[in-house]
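Two complexes, one shared chain (chain A), two partners (chain B, chain C).
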Partner chain A sequence: MNKALRNPVVFTLFVVPALILFLMFFIYPIFSSIYYSFTSWNGVSATVKYTGFSNYTKAFGDERFWISVKNNGWFILFSVFIQVPLIVIFSLLIANVKKLKGLYKTAVFMPSIMSTAVIGILWGFIYEPNIGLFNKLLSLVGINPVYWLSDERFAMLSILITNAWQWTGFYIVMVLAAILSIPGELDEAAAIDGATRFQRATRITLPLIVPIISVVIMLSIAGAMKAADIVIVMTKGGPAGSTEVMATYMIKYAITNFKYGYGNAIAVLIFAFTLVVTVLYQVLIARRTERVEY
Partner chain B sequence: MKKSMTLLLSLIFVSSALLAGCGGNNNTSTTNGEGNKTGTNTVEATNAPATEEPVSEEPFEMTIRHTQVGADKQKRLAILEDVVKKVEGDVPGLTFKLDGVESDVNRKEKLRGEMAAGNPPQVFDLFGSPDSKIYAKENKLLDLTPILEELGIKDKFSNLDPFTYEGKIYGLPIGGSGEGFFYNKEYYNSKGWKAPTTFAELEQQLADIKADGKVPLAAASKAGWVPLMLANHLWSRYAGPEVTAKFATGEAKWTDPQVVAGFAKYKDWVDKGYFKKGELGFEYAEYTTQFTSGEAILLYDGTWKSSVFKPGQSGEGLIGKVGFFNIPPVEGGVGDQTALMRDVNNGYGFSAAVANDPRQLAAVKSFIKNLFNEEMQLRGLVEDGVLPAMKIDQNVLNENITDDLMSEIVAVLNNSQSSFPAFDSLVQADVTTEISNIQIQKLIGGQTTPEKMGEALQKVQEEANAAVE
Partner chain C sequence: MRTLKKSLPHVILLGYLLVILFPFLFVLFSSVKKDNNAIALNPFGIPKEFVFNNYVEAWVNAKISTYFFNSLYISVLSSVVSILLASMFAFAITRMRQGKWNTILFSLVLVGMLIPNNALMLPIYNIVRKLGILNTHWALIIPYIANAIPFTIIILAAFMRSLPSEIEEAAVMDGLNAPGIFARIIVPLTVPAMVTVFIVNFLGNWNEFLLANYFLSNDELRTLPVGMVQFRDQYQMNYAQMSAGIVYSVLPVVVIYAILQEKIIEGVTAGSVKG
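Presenting the complex of A and B:
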């Protein structure tokens, strides 16, 4: 080891810059948010009034807040049970194509590098009731126009589909990298033993990529808990608050109304809920699938 | 040892740079602090003569945060730029830095953050109610009362209420607006109709347009404020123009039968299919398009919309083919049935810190003098369709207006005997959020009744009224 790095003082000094950044941009904002969540601060005033747990009791007693929590739940469920299986299927398909693999990878990855605002507009056209693609297709089979974004029954689903479209490609590239890193000998050995393509995919490849699928699920859950931009762009939380998620609830009911104390309480709750969900997932599921031995 | 020393020095350098970077510029907060040392609750713009000492010509810079960004605000930006040139000529050494920011971003994010940190720009776009009152309460705004008195324009504004806090004026509206129906004159002429003079006539026209296969009323209700313009006017027709101001004081209730009658009329029009279908999914931009494309025959909007019907704008094809009328009187309606919904809620405010620098104060005085005068107000009206926020002689107005639509708008304004502001400047933010984001959309979507809507709003209103600041 380098002589200098054996010196504890030098060693500590190396750590200090990163530690300062970590404290400044992570620890301090969290504690500052927790502090303000117990106040009625309006975001401007120099004086801050302590109000105890009133912001939290207000949130827990507000029907709108629970609607937004439920919608975050829909994001998680849609990601885990619809999006992730699709990611795995597409990854396996792309991994096995012989030609134009690069083109497929680029095509599926493209939406994840596009701005959410652009995606919102793009899908706004697809969902447009009169000239949108979906309704044009439905009209071919004689179905009346569906008001995708203005009908409470379809608005949330429309957002979930758009959000999945945006991020599926990003995760496919991750899973694809894991599939392509599996030693080719395993696949070849199974083929020599007479395994079909389907059998090799489900019995060899799939078990070996479980750890990365687990990471994808974790990232999807974290992403689902902080979703906001896609909702703002597509429905603004409407119609009548039916697509509100926790982050948009925080903006609409707290920040916009000069209620920064309340807004911080919601931010703390988002943080706490995300922590609980991810810890539960880690403890109950992810740890069992952490290691794979070839 | 040499290596360790080099590493140590490097780390110290990096850490110092980091800490220096994190340090704030305390100049503004220091001046704020001094401002507060005066012991007064508000920082007043003193009229102390700044001429006792020779005026310094040292260069100095001030920032104007404006919201004139985008193609449709170029004319207003041109007016601001002309004012900037004049002020720079008036105040030796002054250079203005124009900082253009989108209106909502400025209002809800940037300015608030700067106010909290104590470093807002010297001049900034400001909303009257409730923003200016919150900032004024925290001593963040310059009290303009003495400046307006010195310039002799204190009584020249038609309404400064949204910018007034505890009797002092903290901001000046750049223009005003009135809300009413824009209608497709070409279609009306083809039917041999005229602008309706009674409510029954209006409703008959809506029914006939619907029967004709056209959309009677443009609609885009993704943002709640758009349908609320018309809803607000309707409940004010039924329950009186003063009713909304009484909700916050408890003198009136959202559940009052006449208020509910206003909601019911709106719901009635929704149920009859007078609005464009699927409106809850449409943005405000589509509101205009429905009208300019000829799909919708009527558009309820603010007078600012008149700028669309000018050469080079999206409604160019309708120049000379658009008229404007106020909502006709409602039979049995309370109060003045000619009352027009008018707002003067957006303008300019100034940082309280300006009071501590005589040269900046002089620049602010010059800015107010050069922007808030008859010439600039008329330019705003003629070039940009923005109604004057200042009182202007009718003859002068008539001389300057050459546009038919604007003449009609001014005639409607003159025919209305009173006006009232939009609900969001009269009720608490929580009530605004409830009606804009939930209740009006529920009413349109058929998920609530006018009665239930009134009850839900009254519940929030009572909580807001009871809340202790």
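Presenting the complex of A and C:
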């Protein structure tokens, strides 16, 4: 009786359009990247010259490449050691207040739905040396203007702060949803046993949200490896290449300087590094934290 | 002491709220100040006299209307086509009985979710160039459609799988064929999930910067985020006018967010689980 739903022609017609796009824009690019990473192709000429591993050895020998790797590392460290603790503290606080819960949630989430480009412009204004908000605040306590985005000592930090400002609220809402889905009886039972609010938050809620914190860390690592538009908008990788990340380094060579083969080698390295960091995190940390069932 | 303990969380949270909202207020106030000098003299407060000319100037200089409609139609068209193609695919693999093919195709799509898509930008640039659509809106629309497909399929397939199978059994009895079941029965039932994925896809496309920045060079074709960055680079010295430009580009998102916040939060956080 289900003949209509077994029709292979209809099945094929329904599957093929999405499948073609998927193969074209997800699967083919991976192999294409790997292939061109072994060539010195400039992206336009008719001949493609095979050059073995020379693109990779060139990247490993380039100090600027390592600066960009280090900056991706800063993104990861800043997310994991500064943002994640803040996310946990703020979500616990929001979960425990009775009034204004909705307002806090709505407001902190807002920056994450906005365009990173526009956020970058907005914060560029805040960091502006002469009339920007930061230096005006600092001048109230008598500190001289700081050139946030054009001083090598502060440029990367300024970008990291902006990035954290945009994304912290997003993760807070995720963690908050996990906290609010914990059955209330657990908390009530602890309260009857005389646990204080602080004890309940740290001994009951916190262990129960470890899995979602792990998800947040994984997402932050993935986000950190992808970071590019915020750097392009705020500093274009400057001053003197000090804020370059792997993705902007890749774009700079492949699109701006026509070193398509070399750019693809960087793309493959981004893949490889993301894989390594994710696997390391899973093996070293995520596996050790025991899962709590409730 | 008790009241202090009770109000401390609110003090901390209101402080955080201030950190989030003050940059927006700073831009809003700056946008109605006369010039950089007026901003420098009174950076934090509401201006003494309101200058709305910045909005007129920014609208013209930043070509907000052009960029806005480019962004709007590219984002809507790409999101709708993604949903159409993905829902057909999801229907086929969840409701049509093709044995092992269903599993193979679904696993393939799952692999797509694990790929960091920024790293695919160069080959995509090359594909777009070979198709001869570089520097046209298709250079964004087609990659945007493709990029959203794995996530859209996964959400819609999960939803379609949860629908009871008696539905089609009755429809088959009534003589409907597979496309008929899809269009008349499954799609109407899937609308709530489609709204969620539409929001996620739309916001992703609306905010997309990298492809939009490098795949288009004609000014008339630019989308809002790229147009705004270019506007900033040109009028960097005039912060009052730039602030008005920022207000124009942030305002529509804030208004939509104010109306649809629950749905948006639900959709975007569901989307993040893709990683």
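Just so we're on the same page, the second predicted complex is superposed on the first by the 266 of 294 C-alpha atoms of A that agree within 3 Å, B and C clash if a C-alpha of one lies under 4 Å from a C-alpha of the other, contacts with A are read in each partner's own complex, and residues count from 1 in each chain.
Operating definition for what follows: a contact is a pair of C-beta atoms (placed from the backbone, for glycine too) under 8 Å apart; a residue touches a chain by one contact, two chains touch by 3 or more.
Being a predicted model, the structure only gives us computed values, none of them experimental.
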item	value
First (chain B), second (chain C), both or neither touched by A:Leu180	neither
First, second, both or neither for A:Val279, with chain B first and chain C second	neither
First, second, both or neither for A:Ala107, with chain B first and chain C second	second
Partner chain in contact with A:Ile143 - chain B first, chain C second, else both or neither	neither
First, second, both or neither for A:Val10, with chain B first and chain C second	both
Most chain A residues touched (candidates chain B, chain C)	C
Touching partner for A:Thr116 - first (chain B), second (chain C), both, neither	second
First (chain B), second (chain C), both or neither touched by A:Tyr127	first
Chain B versus chain C as contact partner of A:Gly238, first or second or both or neither	first
Partner chain in contact with A:Ile255 - chain B first, chain C second, else both or neither	both
Doubly contacted residues of chain A, that is, touched by chain B and again by chain C	3-4, 7, 10, 14, 17, 21, 24, 43, 130, 255
Chain C - residues contacting chain A, complex	9-10, 12-13, 16-17, 19-24, 26-27, 30, 36, 39-40, 43-44, 85-86, 88-89, 91-93, 95-98, 101, 105, 108-109, 111-112, 115-127, 142-143, 145-147, 149-150, 153, 168-169, 172-173, 176-179, 181-182, 203, 206-207, 209-210, 213-214, 224-226, 228-229, 232, 239, 242-243, 246, 249-250, 253-254, 257, 261, 264-265, 268-269, 272-273, 275
Footprint of chain B on chain A - complex, ascending	3-4, 7, 9-10, 13-14, 16-17, 20-21, 24, 42-46, 64, 127, 129-130, 145, 147-152, 155, 235-241, 252-253, 255-258
Complex contacts: residues of chain B adjacent to chain A	3-4, 7-8, 11, 14-15, 18-19, 22, 108, 112, 115-116, 130, 134-135, 137-138, 140, 222-224, 277-282, 429-430, 433, 437-439, 441-442, 444-445, 447
Sites on chain A touched by chain C in the complex	1-8, 10-11, 14-15, 17-19, 21-22, 24-30, 32-33, 36, 43, 90, 93-94, 96-97, 99-100, 103-118, 120-126, 128, 130-131, 133, 136, 165, 169-170, 173-174, 177, 215, 218-219, 222, 225-226, 228-229, 232-233, 247, 250-251, 254-255, 260, 263-264, 267-268, 270-271, 274
